[in-house]
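Chains: A, B, C and D, in written order; residue numbering restarts at 1 for each.
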Amino acid sequence: MTIGNWLRQHGKACGAAARRIAGQPVNTLLSALVVGIALALPAGGEMLLVNFLRLAQNVSATPQLSIFLTLDANKKDSQEIDARLKRHVLVRDYRYVPREEARSRLKQTEGLAEVIDSLPRNPFPDAFVVTPKGESPEQLENLKLEFANYPKVEHVQLDSLWVKRLDALLRLGQMLVTGLAVLLGVALVAVTFNTIRLQILTQRAEVEVSRLLGASDAFIRRPFFYFGALQGLLGGVVAWVLVLAAAYALARPVSRLASLYSFNFALRPLPLAESLFLIAFAVFLGWLGAWLSVSRHLRDIEPR
Amino acid sequence: MTIGNWLRQHGKACGAAARRIAGQPVNTLLSALVVGIALALPAGGEMLLVNFLRLAQNVSATPQLSIFLTLDANKKDSQEIDARLKRHVLVRDYRYVPREEARSRLKQTEGLAEVIDSLPRNPFPDAFVVTPKGESPEQLENLKLEFANYPKVEHVQLDSLWVKRLDALLRLGQMLVTGLAVLLGVALVAVTFNTIRLQILTQRAEVEVSRLLGASDAFIRRPFFYFGALQGLLGGVVAWVLVLAAAYALARPVSRLASLYSFNFALRPLPLAESLFLIAFAVFLGWLGAWLSVSRHLRDIEPR
Amino acid sequence: MSALRFDQVAKRYPGGIEAVSGVSFEVGKGEMVVLSGHSGAGKSTLLRMIPAIERPTEGRVVVNGQDVGKLKRSGVAILRRNLGVIFQDRKLLFDRTVFDNVMLPLAIAGFAPREAARRVRAALDKVGLLEREKAYPIALSGGEQQRLAIARAVVNRPSLLIADEPTAHLDPAYAHDIAQMFRSFNGVGVTVIVATPDEALFAPYGARRIVLDHGRLVTEEAVP
Amino acid sequence: MSALRFDQVAKRYPGGIEAVSGVSFEVGKGEMVVLSGHSGAGKSTLLRMIPAIERPTEGRVVVNGQDVGKLKRSGVAILRRNLGVIFQDRKLLFDRTVFDNVMLPLAIAGFAPREAARRVRAALDKVGLLEREKAYPIALSGGEQQRLAIARAVVNRPSLLIADEPTAHLDPAYAHDIAQMFRSFNGVGVTVIVATPDEALFAPYGARRIVLDHGRLVTEEAVP
């Protein structure tokens, strides 16, 4: 077969599939909707997760160490520690939190404002919040011991509960999204599989007659592959639109929630690369479903 | 037509549908999987939400008022207030929080433990936590004013941030679950619609010949309705199994997360009534899809 | 009252082809009529108007006193249940056994299973297919499929039997058997109308002849 | 080398029916053969073994020197592309137009569109259906559908033409036209094998006669 011939055969198969799809607009729309919804859910979940990870990274990607000075520490003592931290190779960043700031920060904690106000004097010491360079547990433990030996240091604290919580939340989210993706991936392949199966059944006569007239397996299968892939394509586009719509719909409540936790956070929709991947993936799944279905069902149709 | 006859016709239609379903086990399984997954997601979401609501109700269904005494209040002053609260008609419940308890509770707050330890003396006053009877904002505001006038009361605080946060979270959850339910309900009806459409196409000859032999519309439609409903039934059972499995899979990470927030919380699976509703709903959706599809597609098949 | 009456009937297909034009004739109860004419003369079109598969564009088709053109959906269904029709393309169901194919009209009419099975076997026996009752139509030869279609048409004991080329694919011996069979139905009072290119086949049974030519009735006479 | 050779061929269907038993005969290139026999004699079964729709349970079927029973899937496809087959049940596609039905074998063979369209029209013209090229088969009468099937079988200019009752549903005049058409294909070197209950139809063209009876070859002679 010449290349022109080959191209013509593929063009014809694709055209036939496209005509079949265009010939039944309502049903095509419904199928695309099903595929789209099935894809939109894990994609949307992934979008939320990615946003959440971004937030998490901003907030506390690396754990922090808090150095609390004794209550009787004076300005000079603070400057001494400031100087040591500045020189320390394992300190990426640090911040001085004077006792007045600590007091006003705690006041923001729910239910404590008035308690704090009612205190006869500021009970807080000066403090430093340190972002270390390493992240391994031993490194952090060593730093903690080292800082604790600085003069006028009452106590050093490793910030880890927040990290643990976030980790647990993220793990739950990841688990949900993965479960969703697997379930819906299966559903998607099943839907395409079934659609193609029934498509094959309705085209049974055509397949049979083509076989009788000497059509090769490739010739017979081709339109079904294109059909599956085109259906996937439409579904992918629907999924993309749905995710976009969800991003818009969720933007408000999410940022309200974030603001209640005092974060400044706006939901970002799927970036271009991932949108393209989503659609390509949809096409692939459609093709896969068609392939599975064709492999299983087409051989059954033998001319008689 | 006699009643026996009527029953026989329905029995036959149901039997025919069941045979058709049993005759294609792989495809039936796939369809049931698709329907099941589509139903399991909102059902699972609803389960999570219901659990969360239960948790929320335990934790802070009604807002609470905290009464902080002055630091110089003594045992007798506390007893006086205890007596007043006991008599108060608008107080459902209250709890005395001695200053020692307040101190140790605050120590559990992240990053504060060592600060508190480092304080020269306990900065907290004695307090009462009151659960009022009413919930309307004015009632609460009035109570707050009344308590503030009790002797030796430094300050009264209305606990509301936590409630707001919870509300925002719940609203987001509800929004997600509702969106999911609508999307997947649509997907489900679309899947059944399409399955039945193709089923009709593959049975085109049968429909046509039956028409030619004088079958009534009811006679022709009946097996399709049963087919849709049976498919829904299978899907509902799959959904139920999936939700159950999800409840098991999520039990661990959820209770770990809860424990990080110091809650004692175990995920409860769907109760019986709701399980039955889920399955009934699946049957209904299957039937609906069949009905829509049959209405739309069956008339087209006219004998020629 | 006649069993069947065509009254200035014309049928123009959407494409513009007028398959039948101004045809009038009457078939009395218990009569046997042979319809012939060249390929494309309009024989099938004419027969298809009796069970309202096609509606006339002009004139009236009256079956057992009912104007078929005026029947509603449910009326058409009832009419069809009381006719026996052998279609030119047979319209067998290839995913049902021989037995189930013949059972279908009885299932539609709501017969009790036992009585229905008895009748199905009787009809299959009459066309010589009783041994093949469990086979699927695809396993039958052309002629056997034709006989299956005949069994399905008569199982309901219709008072009017319509047959469109029932002897196609049959060798002369079998064709004579089938003609004889129709004759015997006719003998017990069934009105029979048969389209066939081979009118000589029915000549020995004294059937009336109706000949179409390009949709027009050209001859209406007793077979000589 | 003969065009077709049957060598002690038997075909037993799964049900246990032996449709063809110990049949041997040979058809030379350019010959015309008429196959006859009663309904169920095994005519269709025999013809269906040529394009490997059925495989013989015993013996060999040799087409153009190839043992059909030994062909792989792809070999079968190539074999079929080079045959012209008219099936007893026609096997038309009812969701394609008349034109597209005849186009199908050319599309499968990968013809360029223009050349293919030219050939399709030539074939339709030959069977008198050119005016109906845009119609769907359902709008054709029984005989017209038969002619459509013939057009599809010959559009590919096969060297071997197999026809299973090609004149069923045709009135005598058209049947003679078709027989004449086969004769003219034969005249340009095409080997023709026709199953028909009506062997007399092909008698004037001096076709060789093969008669089956219950699956066995009983006569093999030139038509008198």
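We take it that a residue touches a chain if its C-beta (ideal position, glycine included) is under 8 Å from a C-beta of that chain, and two chains touch if they have at least 3 such contacts.
The structure presented is a predicted model; accordingly, all values stated were derived computationally and were not measured.
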item	value
Chain pair with the most C-beta contacts	A-B
Centroid comparison with chain A (C-alpha atoms), farthest chain	C
Separation of mean Cα positions, chain B and chain A [Å, integer]	24
Whole-Å gap between the CA centroids of chain A and chain D	62
Where chain B and chain D are represented by their mean Cα positions, the distance between them in whole Å	67
In chain C, residues with contacts to at least two other chains	none
For chain B, residues that touch 2 or more chains besides their own	304
Category of the chain touch graph - line, ring, star, complete, other	ring
Every chain pair in contact, whichever chains are involved	A-B, A-D, B-C, C-D
Touching residues on chain B, where the partner in the complex is chain A	26-27, 30-31, 33-34, 37-38, 40-41, 66, 68, 70-71, 102, 106, 109-115, 117-120, 123-125, 154-155, 157, 159, 161-162, 164-165, 168-169, 171-172, 175-176, 179-180, 183-184, 186-187, 190-191, 193-195, 197-199, 201-202, 204, 242, 246, 249-250, 253-254, 256-257, 260-261, 296
Interface residues, chain A side, partner chain D - complex	1, 5, 8-9, 12, 205-206, 208-217, 219, 303-304
Interfacial residue positions of chain C with respect to chain D in the complex	13, 15, 17, 36-40, 43-45, 88-89, 135, 139, 141-144, 164-165, 168-174, 197
Sites on chain C touched by chain B in the complex	51, 53, 73-74, 76-83, 85, 87, 91-95, 104-105, 107-110, 112-113
